[in-house]
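You will see chain A twice below: alongside chain B first, and alongside chain C after that.
Now for the complex of A and B:
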């Protein structure tokens, strides 16, 4: 591991580091802006679909990747948002933006409530609680058919584009949906990023890595876990609301256990506990069934896709736990070396780069010699030993 | 009274199936602490193998025995290659592997045998008149056969665990792996054996219920959920508990669905899930399970 290759050393928070990050951010924004001009409307609506799933995975990643709690019920939160928006807009004349806010609040409350029984439990029992919640949801949707349209589906959910020149063209709606989902995705990513880098987020990660130690250090387990679960559910629910207005038709089978499993697969393959991984994950969840020859939806008999996803999950669990993003990081690590700032007692706490920077720094061959005896070194997400 | 009895028997019959699959879940959980969500899919795959054999002219009994052998083999192989390397205390990775298996095995069966459900012959005569009348309620031979085989399997497992050296070794390996290792028990091998048992039990169940459910890739989708509820109710480390939990869930669900008009058939599964949630909130170790205590 001691090949002295010529790599560019980037000091954390130096001008160069900030510049590189600025370039990366500008590239992302530029790409999002340019995509509608670059691809056909048909492709654009596919990208919209993929990014809708990406939003759910961003939320799931907060819970599972950073919080270390598995959820087998996230399709239910996705569906909760979708049906709330669907019912409010079609039956009660509520405008779509208002319904999105209702989605978020409702799912946050439900999520926090689900977290409470899960708090006392460990391991597979947490999975069982979320599994039960996730499965009760489609049954209830089918049961209350007068409200939800039942198995036949809920039709005509829409959110018309504003009357401007940009959205005025023939593909105005496609473009409008694209921007709606992009804004949702951007907001969700920001929320998760800022949450994870805050004091709260350090508590979340500390609970994952060593619950007893975290509690001793003063992390409030009940509130932290409940808020994490609630936020994760709220993000999933927002995605559901966007799914409702972009899709127009809702059926209970679209929110089955299989969707949850696909979302988990997407999260794992994209890169668990990373910031960009969920976005790759969304594309995987959407495109793998498409490529496998099934164009309808993720829950029909897309067999080859299932074989492929199943095999990849198992392979990734064994050899590449940081997913696609881990590969990308390894690739950039061949060119750049991130040298972390040495934490000192006089400066502010150095824990804000708990996610990305920490991982790069710990890469074999990188300058891992941060002073471990310094008491200010925070608990870092130990992705390699967990997921 | 007759109607009540019919519903009771119906519920018991369903419950026996839930308990059967829950027994498989318990066998894997005891050793590896793994919730094998893919248990139903593995059983489904073996059922397809049995169907293929019957299709090629094998007698039904022989086909079922061969399928059970395949189930035993796959159980062992999965444990050895996919579960054991992840190590102990790896709840999350193990669950992920099981999810991967679930998706993969289900889809693989779809690729090989297609999406159309296939008929499977009964093990015992099951014409319209092949039933025993109990106070006017009908008890079909096939249901009796399933319950009978379950009783045999449970008794055999109980006898192995209770009266043989091997069973003792398995129990100590599950209860206290570290001490077991020091005593010379081959803990890993015992865990493998748990998976072998589970694979066999699942593969036995599949062909038995296949005449009713038909052989299809989705035949175990709901059963695995019921089995999770049954195993939770009975206690995840108690084989007897799993069976009793299964029967209780089958009966309660059927009676609630029959007598509470709001629930009806469409919320049957929800009844089992609510039971699951209540058990987890009130008594996570279940009726017969041992309470886990951790030293921090």
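Now for the complex of A and C:
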């Protein structure tokens, strides 16, 4: 009895498809630019906080979502960046941008080193190795109090806004912090997106899906895993550096194991192994406790904030199994239907071929395609499954 | 690929151009419009306000709103507390006391305005405290902040209080680093500073051991513990008291501090000074010292452990352990006959019926009591009931609350005395009765400014 719903069919890579993607990109850029004019400064601070978490989750998503390795140590990498920036800027007079670069390099090295023992391990065992990192970090901060301020905290981390009219107002610092974090988030997303869509990224995904097959195909497990871990840690560390300059105060409790668990929950709820999911994840990690706190403030007597927080997470997990992004995709699917571009047999020179890696990744099977996509295998028009 | 690049480049260029062309959004949003102070009120009030502001080191022209304007209608007080997270069970009861106090004192204090309290969750994390405080100041447009707990958390609010000219009266912290009236005159504090607690210890030691003693010092690896360590290092300098052993304990440690007690005992110390985190560690340390058969000539423990509920589990082992009491514990034997404390308890029962009442609830009430007392004093002063008036009063006020042990007084006289509580009651634990027995009151009023606060 039901009539088929009328939907707009969009052919992949058609003008309409490209136009829609351009509209989406423009909407995001426009939103980022317009937000300071639309919301109150405290809300902008909250968004800045949420996007800082989003950056860590973008990094975590590279390792866990695309790479399939669960890390319980990402709060530590986040903290490593925060304290590196904090110590360098307050005690050694290093400028904040330089300290960000140090954060990235340092965390990449530490991350790659942590990856080494984790190389031969899978799943829960990798998690255990990283758990050690997550547990040691706050303890180290407390022990080396002369350097880190210990449990009392490290104060006065600053990165002053440039002396321009745009940042010159009463809330100039809030605005400056917002833009710093937005730029950080944009860069992190670009790095992960380009990495995952490259030959390297397909190696990462292949190792996740079938390690033996990936190695047979020529994926260098050691270097791929180490670089993935290092990059993931470096992104988390950059977020830490931004966290330090936007908050000004660092205490070891801010980088506890609990935060890692929140980040993992955010990644899953946002949408694992997706490009936009981590951003939703960051907002969820930040805002759910805020809402839960507000709810319990209504009636101070019954402090049910913890219960609210748990309930919200359970509801989201049950209702949105594929994450917030899955919901959005389903919603978009009610209006648009994407028809995959029909792959054709091509004969191209290897050099030209290398430059088209991005296009290959957008074939049916998308970013989760195996390195076999690199082969110019004739594909039947109806073949929408992976090779 | 190249087409995409061009599109991206164009989009970026467009954004940059628009950015340059548009005005700054930061000048418009929040914070209120910039009004030169003193445009309202009489000329004599104006000069009094300017004099008071100058004395406190406040530049009225930098305030986004006029803080000399008389308050009217309902005045908003904002607060931050840990309502979620691991510390919430310990700190959330403060809110019950604060809310009861606001309702009770609105009804009884005879002020021409009513105060309302909005508290936001900060999970005890300084970064969240800062964002919550910012939201309260910008969105809820609170006129005052009050009751933020923790030294690092108060440190997060201080610069915002300064920027928005929203006084924090009082912050609930014992660290000397945040009692900094020269830099942050908009922040006053409430409660016993760590430095004063340690000063009481050393006062007692000098009376009891005129020839000196060997001291073992145990501190928590926390913000508060570091304050105790710094104070003990400072106060032992140049005395006959030698700190022969320093040990630390993590706040999260659930095991008995066996190795620390072994180390301290082996050091030959005959005095034990301990500042552990309030909680099971208090009784755990006391028990451990007894089990090691160590009987120091004096065992003084932080006043954070003075709550009877924390000491009673140690049983007979706690006999003779000393502390510097300052909070009037509703579960103490003397509480029943303390009319002032009973009045507070009755108010909490009336306005927050069914809520559990403990020492934290009473201290929450007391935090607000300090605020209302300052408001009453301001209303009678020539500054009147304004933000500046109440802030000025809080810095120049002597006030006795029944929430503190009888004989202890809140007393500040800016800039010579900027430490609110400088007295405490040295007490010894009577294990049989399960109560603290008063030894004597130490009063250092006016002596700890620059030590329990940032030196000016």
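The rule we apply is simple: the second predicted complex is superposed on the first by the 313 of 387 C-alpha atoms of A that agree within 3 Å, B and C clash if a C-alpha of one lies under 4 Å from a C-alpha of the other, contacts with A are read in each partner's own complex, and residues count from 1 in each chain.
Note that a contact is a pair of C-beta atoms (placed from the backbone, for glycine too) under 8 Å apart; a residue touches a chain by one contact, two chains touch by 3 or more.
In this text, all values refer to a predicted model and were calculated from it rather than measured experimentally.
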Problem set entry | First (chain B), second (chain C), both or neither touched by A:254 | second
For this session: Identify the partner contact of A:129: answer first if only chain B is touched, second if only chain C is, both if each is, neither if none is.
Result: first
For this session: Scan A:142 for contacts with chain B and chain C and give back first, second, both or neither.
Result: both
Problem set entry | Larger contact residue set on chain A - chain B or chain C | C
For this session: Would you sort A:22 into first (chain B), second (chain C), both or neither based on which partner it touches?
Result: second
For this session: Go through the superposed model and pick first if A:165 touches only chain B, second if only chain C, both, or neither.
Result: second
Problem set entry | chain A positions touched by chain B in one structure and by chain C in the second | 139, 142, 301, 303, 305-306, 309
Problem set entry | Partner chain C, residues of chain A touching it in the complex | 22, 25-26, 29, 33, 36-37, 39-46, 49, 139, 142, 145, 150-153, 155, 165-172, 174-175, 243, 247-249, 251, 253-254, 258, 289-290, 292-294, 296-297, 300-301, 303, 305-306, 309, 355-356, 358
Exercise. In their complex, what parts of chain C are in touch with chain A?
Worked result: 1, 7-8, 11, 15, 18-19, 22-31, 34, 64, 83-86, 88-89, 92, 95-96, 99, 118-121, 123-127, 130-131, 134-135, 137-139, 151-152, 155-156, 159, 175, 177, 220-223, 225-227, 250-251, 352, 354-355
For this session: Write out the stretch or stretches of chain B touching chain A in their complex.
Result: 29, 33-35, 82, 85-86, 91-93, 95-97, 99-108, 110-111, 115, 217, 221, 225, 228-229, 232, 236, 266-267, 269-270, 273-274, 276-277, 280-281, 284, 296
Exercise. Which of the residues in chain A come into contact with chain B in the complex?
Worked result: 68, 70, 117, 120-125, 127-129, 131-133, 135-136, 139-140, 142-143, 212, 257, 261-262, 264-265, 268, 301-307, 309-314, 317-318, 386-387
